[in-house]
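Below: a set of structures, written as structure tokens.
Below, chain A partners chain B and then partners chain C, in two separate complexes.
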Partner chain A sequence: MDALWEGLKEAVRLIVSGDAQLREIALRTIFVSGTATLLAMGSGVPAGYALARGRFPGRTVLLGFVNTGMGVPPVVAGLIVWLMLVRSGPFGDLELIYTKQAMIIAQYLISLPLVLGFTAAAVQALPPELPDLLRVLGAGPLRRLWLLSREAQLGILAAIMAGFGSVISEVGASMAVGGNISGDTRVLTTAIVLSTSRGENANAMALGIILLAMAFAVNLVLTVVQQRRRRR
Partner chain B sequence: MRVTVEGLVFRRGRRRVLDIPALEFIDGQTTALVGPNGSGKSTLLRLVAALERPDAGSVFLGDRRAGPAEARESVAFAFQQAVFLSGSVRKNMEMALALRGVRGSERATRIAEAAAACGIEPLLHRDALRLSGGEAQRANLARALSLRAPVTLLDEPLSGLDAPSRRQLLHDLPLLLRRFATTTIVVTHDRDEALRLSDSMAVLIEGTVRASGPRADVYGNPPDIESAAFMGYMILPSEGGFLAIAPRGLRHGPGDHCFEMHVDEVIDLGVRREAWGTVAGVRTSVGLPAEGPAPGRTLVVSASNRALKRFGKGEGRAADVH
Partner chain C sequence: MHRLRIPGAIFALALLTMGLLVACGDDDDDEATASPSSVATTAAAAATTAAVSPTPAKIGGEMILATTTSTQDSGLLDVLVPLFKEQTGVDIKVIAVGTGAALEMGAKGDADGVLVHSPSSEKPYVDRGELVGGKIVMHNDFVLVGPPSDPARVKETKTLKDALTAIAATGPFISRGDNSGTHTKELAIWKAAGIELTAVAGREESGQGMGATLNIADQKKAYTLTDRATYLSLKKNLQLEIVSSGDVSLLNIYSVYVVNPEKFPKVKKEQAQAWVDFLVSPATQQVIAGFKKADYGESLFFPDAGKTLDQVGR
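On to the complex of A and B.
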């Protein structure tokens, strides 16, 4: 309990003092995880829709891959990206390893199956006649995607929340491909690991509390949007 | 607008769902597409609406081959499951008209007209996803009719309704269709609905059209035992084939064709009595006068020449007859 209490006090002190390093790490965390989630949303929602509505050979196998991807440990995703981006790897020439871009790629791969899988489930839960009705009425593919996404909004927002939650809290991939470089690729989760390894438990606890508060704030905004729709 | 089907084949996997060499839905008429569950009725509607692509042959809307663009111009479809987007009934109807390119002022007029005709004016402001089954079916119909499409497709428009709503809509629907739609195809597996709603009928069994034409011709002259059985004819085995007796075609007492009925039960309904039993092993009933002696274990019943059809052994599969 002491560590928790000390951590809470330290968190308040760090926030109130406007600690520059903390602000920088927190903003970087939001930038990396937010960008990865937006990319996953941009590609995962249309792909999830196509997977839900499409009739093509191998669809079930593909859905199986997506569902498996939802459970892949972040450190494994990080390892794969590391192997791709490391200097001797196939994309080593891009010199992305130990950069924020590498972290975004890894986090994108972690959140994509979640956004895609939950979106597919949300779209599949709609009445099957609804897309047909829109087609007969003359709605083109993009209009149908928009209208059906609005109908599946509760599920799609849950998908985005799940995607964001999975990446803002992961540490293995960020550590593997970002390297936890101070002032460059350090994010809250990797900073927590570092503080813990140094025995700075109160600092680690403070960072953890700030991470939770940030995740809560983002999810609260999404939940308000989601539930406002439900009440309508 | 005339709808014609030419050399149509549609498969699902290896199964041939539809095989229709030729079929015409006459301009301005309501045609009931009838047949048992799984006979391909709804699939044919989906092909007319270009929601499916045939493996061979074509559907024509007027003179144009049915494709998504043609369907968008010419077809209104009320699906069996009344589906709506979130929002009020009015918003749903507006959305449908907007997608069809109808301008704002015209939309309001059409919504008011279709809502009044279908009796859903009080529902226009209601959340479309919270309507009861009967309300949803009416709103579904109003949305389809408001499009004023040359071809209107109704898939089981009375399914899922309670008895009073069904009776009311069964009465209203033919009037509405005459007023709003030019060519209507109604899918139903209920022969009574088909008879009430349509000018013409097409009987679809196992993906093939067994009979089509004016309602009285199809109903009065079923081409085979399966069609007859579907339309409610009582099928009796006879020497060299089968006899089919039209629904309510069996009378108490002697007539053109007499049969012996083994009576199980007589139900006294006050104004009349009904004798229940079997004729040649097939369970049926005949009306009896309210007054008179109690019938014995057997009754003489009969069918007129007009009510009775004969089929040879090769004109249907006895195993399917019920």
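On to the complex of A and C.
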């Protein structure tokens, strides 16, 4: 129990004192997970839309893959990216292993199936006659995509939140491909692992509280947008 | 127009996030050069810098060091890495894994330098020519720890063999089980004592690092084998006490190697060699000897540069 209370005090102390190292790690966490989520959003939302609306052979199997991908443990995704990027691996020459870029790649792969799958589900939940209706009303293909995405926005925002939540909280992949290097690839989750193995439980707890606060702040913004949309 | 406000909000959010990212990207690099380690260790490094003669050339660049968890968990590398950076300009990417995994990274050319603590495991890699230029850096020792109640009465035993026999009869015992240097040592001492692993009462493998394993042993009131440095660093959170120590076979010897650049052309030969030279230099050896000595009243690591395996700890 001590560690919980001490952790809370330590968290407040670290935030109030504006600890430089903490600030650096927190910003890096947002940078890595934010970039990965933005990339997953940019590719996952259109792809999810295509998967939901498209009629092509193998679509159901593909959807099955995506839904499986939503449950892939980050540590497995991390292992695969590690094996690809490590010097003796096929992309070793790129020298990306143990960099923030490697972490972004791994986190992108983790969040993509979530964004894709939830987007597909959201688009499929729309009234099936809606696309035809829009076509009859004279909307072109791009205009239809735009209008349908807006209709599915509640679900798409949930998809983005799920994607972001999955990567900001994962540790296995970040540890494997980032290496938890001080001043370079250390993010909140990997710092928590290190603090724990060093027996600095209060510090680990403080970092955990800060991580939760950050995730809450980002999700709050997205939720406000989402709910405003719902009320309208 | 009213309907367009929401996508606009998302767009604004995306822009905001991007702006934040760019800002933080810049900031990030500044931080990396300005304060590579925690405040406490920077202070420690600064305090020790004065004692170090700055002769090595500034070669710059970066290298990957595969090492064991104990060098990181104890905080030693938080002192040595910034010091090395200061002297040579080389950025070290410390990848703390078990000794087994660190050696494998070396064997595939996935690292430039290797700092490990299991001479018997290191030998095949040296024999195959994957690791070269090996130097003994330092040692400490392994200790057997257990619950204060000491149900197996290990504290009353005089030799390591008797201690292990007592533990085997009563248990439970938590093994690392992760091919680390500590795990290798544990297997070796059971073998030397003539005790089959299956004959050890309640022996379980945690599959985790030393810190986590100590916590498990602590909670389960079990015995375990640990390096002294990690144990001392975590002692304030643990009930566990040292129940047996001092046997010569419990020496924990750390060596550093360069990954063979002739086998793996991508190896940063110059940087890795500079790291080896740095570790065995008299000034660095002094830093190692003094590391956290004030905190614990005893050294966590004892410098051994220039010694052979047989000379260490005698």
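Everything that follows uses one rule, which is that the second predicted complex is superposed on the first by the 231 of 232 C-alpha atoms of A that agree within 3 Å, B and C clash if a C-alpha of one lies under 4 Å from a C-alpha of the other, contacts with A are read in each partner's own complex, and residues count from 1 in each chain.
Note that a contact is a pair of C-beta atoms (placed from the backbone, for glycine too) under 8 Å apart; a residue touches a chain by one contact, two chains touch by 3 or more.
Computed from a prediction, not measured in an experiment: that's the story for all the values here.
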So if we stack both complexes on chain A, do chain B and chain C clash, or do they fit?
fit
In degrees, to the nearest 10, note the angle that opens at the C-alpha centre of chain A toward the centres of chain B and chain C.
160
Between chain B (first) and chain C (second), which, if any, makes contact with A:Val136: first, second, both or neither?
first
Tell me which partner A:Gly92 touches in the superposition: chain B (first), chain C (second), both or neither.
second
Touch check for A:Arg186: first (chain B), second (chain C), both, or neither?
neither
After superposition on the shared chain, which partner residues are touched by A:Thr196: those of chain B (first), chain C (second), both, or neither?
second
Given the touch rule stated above, what does A:Arg144 touch, chain B (first), chain C (second), both, or neither?
neither
Is chain A touched at more residues by chain B or by chain C?
C
Taking every C-alpha pair between chain B and chain C in the superposed model, the minimum, in Å, is 8
Chain A residues where the chain B and chain C footprints coincide 150, 229, 232
Give every residue of chain B touching chain A within the complex, in rising order.
46, 49, 51, 68, 71-72, 75-77, 79-81, 83, 85-86, 95-96, 99-101
Which stretch or stretches of chain C touch chain A in the complex?
3, 6-7, 9-10, 13-14, 17-18, 20-21, 24-25, 27-28, 31-32, 35-39, 64, 69, 72-73, 75, 78, 81, 91, 93-96, 108-110, 209-212, 233-234, 236-238, 264, 266
What residues on chain A touch chain B, complex-wise?
127, 129-130, 132-139, 143, 147, 150-151, 229, 232
For the complex, which residues does chain A have touching chain C?
19-21, 23-24, 27-28, 30-31, 34-35, 38, 41, 86-88, 92-93, 97-98, 150, 153, 157, 179-184, 194, 196-199, 201, 221-222, 225, 228-229, 232
